[in-house]
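Presented sequentially are two complexes of subunit A, the first with subunit B as partner and the second with subunit C.
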Partner chain A sequence: MKILSVAFLSCLLLAGFARADIAVVVTVDSPLRTVSQNDLINVFMGRYRRLPTGETALPVDLSPLKARFYRALVDKDLAEINSYWARLIFSGQASPPLQMQESDEMLQYIRRNPGALGYLDAAAVPDDVRIVLQLSERQAP
Partner chain B sequence: MIRLARLLRRRLALRSAALTLLAVALLGIASLTGAILVSESRERGRQYERLEELLNTVERTVQIACFLDDKVLAAEVANGLLSNRIVGHVSVIQGSDVLAQGGPTDDRHAGNRPLERAIMSPFVAAEQVCSIELTPDEQEISRSVMRASLFTGIVLTLQLIAIGIVVVLVVLRLIILPITRVSLRLESLAPESGEKLNTPPGNRDDELGRLVGSVNGMIDHLVTSIHDERTLRLQREVDERRFRSIVENVETGIFELSSEGRMLSANPAFRRLFNLDQALDLDVQDLRFAEFVGEEKERVNTMLVQLVNYGRPCNIELKLETGEYPRWVSVLLNRFEDDRLQGVANDVTERQMAAHAAEHMAITDLLTGLGNRRGLMKRLDQSMRIVQSDPGYSCGLVMLDLDKFKQANDTYGHAIGDRVLQHVAKLLTDLVRQADYVSRLGGDEFVVLLEGTTRREAIARILDRFLQRVNEPIRFDPDIEVSISASLGVAILDVNAQSAEEVLQRADSAMYEAKHAGRNCYRFHPSLG
Partner chain C sequence: MSSRYLLAGLAMLGCSSTLAADLFDDRVTLRGFGTLGLTQNSSDEAGYIRDIGQPDGPAGTWSAHVDTRLGLQLDWRINDQLTAVVQGRSRYNYEGRYQPELSWAFLRYAPDPAVQLRLGRIGLDTYMLSDSRDVGYSYLWARPPVDYYGYRYLSHIDGGDITLIRPVGHGLLWGKFYAGVADEKVPSALGDGAVFDAGGSTVIGGHINYEWDNWRVQLGTTKVKHQLEASDAYMRDLDSLEMYCSFSPECDPALPEYIRSTFDSHNIYITSVGVAYDRGPLQVQAMLSHLDRTGNETDVDAAFISVGYRIKSITPYVTLSGSRTDGFAYRDIGVELDGEGGLTQQTLSVGARYDLAKNLALKTQLDYLNADQSGLLARNIKPDWDGNATIFSINLDFIF
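Now for the complex of A and B:
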């Protein structure tokens, strides 16, 4: 069923006439109920080390969704994002989010850490994580 | 300095060169100043443009540094900016904090407004994360302006010098040299011989050509004038010699007087007329015309005053020598110019003498040499005039008619008659005094005027003696003897006489009375007391 839905959604996206949302999620154990897009940018771009609720922020990038996510979040492509981080490696003041390949792996990491923040396709959010922000994708890929 | 001034005054080429160079220098300074001002403002503008470009280059990195408050990254950016010479000072300001800054903050940049740019968040469009200020380096601007200005200045100066040299050369070639050539030629020109200036080739139709044409025209004119003048002078010399010869040789005295009557000049004829030495120099001797005329001095002086004061030309006849050989000179004087009198003097003695002779003839009876009727009337008029001014004056008038003269004439012929008349005339002349006047009116009629004699006795004594003598027979030839007698009438001319005719009439009527009384006697007119 899940796979069907994903395939269906993918088909819709490929057809280019539908838009999917990306959901930003935390573990249900997290005190964070919701987060603004600006706070989310600050966390993911390395500006804030902590979440508004006080936990150390642990943002996670999910590789398959990364391009879509950053397009939705800051309207930039991956090359720009990579160039951004490349500059910061020099000073070492900020570090990029943790990179994950699989959503399951990411979900497990989220469940383990209350400060972790990840993102999923809105259609594939499991019950044991909480959606704190839903990003709408403005453009077709 | 003085020599330079003198050179400038004497050389047109130098003067025009100096003026051109001065103008060029002033223009150069003005242009250079303008160029420096323009290039400074342009250079400043360019510096700001370059600063803007630098800012564009580092903007993204600054965005990131500010976004993350990354001082290390900000300082790195600032250092990078400061490595450009045009950047004087950099500061990255986040709110009230300074994230990074570099470069000296002294007064060197005081005059320059800093270039400020707001830096936005790299991810959120509306969020300003910091601002950056770039201040240009004033020294660098000045250096750059200097370099640009120096180049402009050198180019400009070279150009102006070249223009100056070209102007001077053109002036020299086109104006000074032709003028100098014309001037040199003019100095050595002999215009009297008809020589003229040549128009410099190539200047035929321009101002220099016209100048040469004008000079040639003037030379022509002058030569003609000089020639005319010379001809005129020769003509005048000839005329003068001619007039001098006339004046020297003419028989008319010609002379000049000053307005005071001083002799200024006199020709030989004048000197002869007035007995002046021919060698006398009138410029040296101060002689007055009035001194030459003897008794006529007063008249001459009056005439001179009239002439000088009223300018009337006057003619006067002067009797120079009295006595046996009187001389008459006619003088005509005219005013000439303001203070000179010109005079002509002619010897009119002969004319005067002829006039006198003619006058004498007119009043003389040719046969007897006595006065005629005309002479008598003239004398009577004279007496009448005297009586009018001197009532005490008087004279006796005797009218005489020969008796039987007609018979004698008829008998012996006219020649004898004439001789009888001459005889009577002689008798009468011998009887009266010098002052008395004897005249024959015509035929055998005589009139005697006895000057101042009016007393009867005196007249009677004279007439008795006359009758006695006239009665004596006159013998002309041995066989011709003529006896005559006369009848006489006497009247008096005095203050009571109305006219000469009246007195004559009275004498005539008294004479007729004598004839009625038997002739050969005399009668007094009843008016005699």
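Now for the complex of A and C:
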């Protein structure tokens, strides 16, 4: 009985964990093994797009997951992210990440470009991409 | 009539409900921004303006001219390193018209993530946020703090800038250096309808930034070789006034002398420091600047601090801003008025931004303004104005 309830609890926890993570991915051909949250903020917020490997980063936003990603990355909602980019775009300083609607489209782009970085629900990561950072959705930086 | 460009633009916007249109295989992107604003000034003794580029402002009335504006921008990604950007903008201008103008037109070349060059007509960001002042959607306020940004009217230069970035310690150290020639006009502060041309003023400067975690600090310095030109007709009138004042006891020759001195080419040195803290729902910004000109009377010290905190889709904020000059007695420049000219005023602003839909924000703001010397930032001032005004604004900001 006790073992059962422990198993049940672990299941609940694991399910919660799986649902609550976002995986940042690159192609398996990329030399990049891991990236820090700080570097990832620099790349996705358009501050500095050089990867630790020296390559130029090509960030991709996946529209259905965008709100969850930026909440986990910088604890901001989409209106704030759009407002942030409005400043950079309309002052002509930088371009936002590529916007993609479908994860298949994004994965194709990632496979073709060694510098590309995208994100997926951690529960749905295919074999031919590498997770370089797992963002927990339960704790903000 | 004067707002037909803006209306045409807004009509266009209404027709194309598609947002940020990508054309030609994603290489060309058309985007826009705008504000529909309504501003009411409680005082009927001084016209409220947002910056000295505006010839007049509401006094005891409502006005849509203070904040309303529209911009369109075309980004053409020529290749991975090279992008061309063109932006046109329409706002209540120095003549009180909405005639569109070219705000930017430049090539951006980034051979490497650590280097960026821009060449052409570029935004002048002497201070944090000063090259995005027209994009209401990008900030919390109804308009950037007027005491701080209001008397800086040069928005762009024809020239170039270079940005260099490198990681240092835990953060990023980056610098931007710019140089170019201004091409802008400004209305006379005397409300006489005259327009002066600052074209040909040269600008050189830069800023150094360090960004780490939730912080950003900026130190900047700029030198402007400022020159202002009036029309030939205006200069002939000034000659006549000078003649008249030289023999008439009713006119003090100090007045035409003062007016003429505003057309002397002179150097302006601007130094500034800015700090921004941004963590989750909390946004804090504080800036301080000093503007140094020949003679101490019109050196300007300005500062503001603003704090906003987001609660779901509503962000209340409060801002305190002020500017200081030593000033000069009006009588010293031959004006028969008591009191001082200069730019000493302070404003307490409270407001809220409500993100009511995607890319659409509604703002309301109350400004309590108090002017000790009302040199530039109010228009058509009545001699008995006590220096107080309450400004109420309701703005709709959008991007597409």
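Convention: the second predicted complex is superposed on the first by the 119 of 141 C-alpha atoms of A that agree within 3 Å, B and C clash if a C-alpha of one lies under 4 Å from a C-alpha of the other, contacts with A are read in each partner's own complex, and residues count from 1 in each chain.
The rule is simple: contacts are C-beta pairs under 8 Å (C-beta built on N, C-alpha and C of every residue); 3 or more make two chains touch, one makes a residue touch a chain.
Only a predicted model underlies this, so the values are computations on that prediction, with no experimental measurement involved.
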Combined model on subunit A: subunit C and subunit B, fit or clash: clash
First, second, both or neither for A:G46, with subunit B first and subunit C second: first
First (subunit B), second (subunit C), both or neither touched by A:R87: both
Partner chain(s) touched by A:N38 [first = subunit B, second = subunit C, both, neither]: both
Touched partner set for A:K76, first subunit B, second subunit C, both or neither: both
Touched subunit A residues, subunit B compared with subunit C: C
Listed stretches 5-13, 185-193 or 203-211 of subunit C, narrowed to the one that overlaps subunit B: 203-211
Common ground on subunit A, meaning residues reached by subunit C in one complex and by subunit B in the other: 38, 47, 74, 76, 84, 87, 90-91, 93
Residue ranges of subunit B in contact with subunit A within the complex: 61, 64, 67-70, 72-73, 76, 122-124, 127
In the complex, subunit A residues that touch subunit C: 38, 42, 47-50, 56-57, 74-80, 82-84, 86-87, 89-93, 95, 140
Residues on subunit A engaged by subunit B in the complex (per definition of touch): 38, 41, 45-47, 73-74, 76, 84, 87-88, 90-91, 93-94
Residues of subunit C touching subunit A in the complex: 31, 33, 71, 73, 75, 77, 80, 83, 85, 87, 104, 106, 108, 112-114, 118, 122-123, 125, 129, 131-132, 134-135, 137-139, 163, 165, 167, 170, 172, 174, 211, 279-281, 310, 313, 355, 358-359, 361, 399
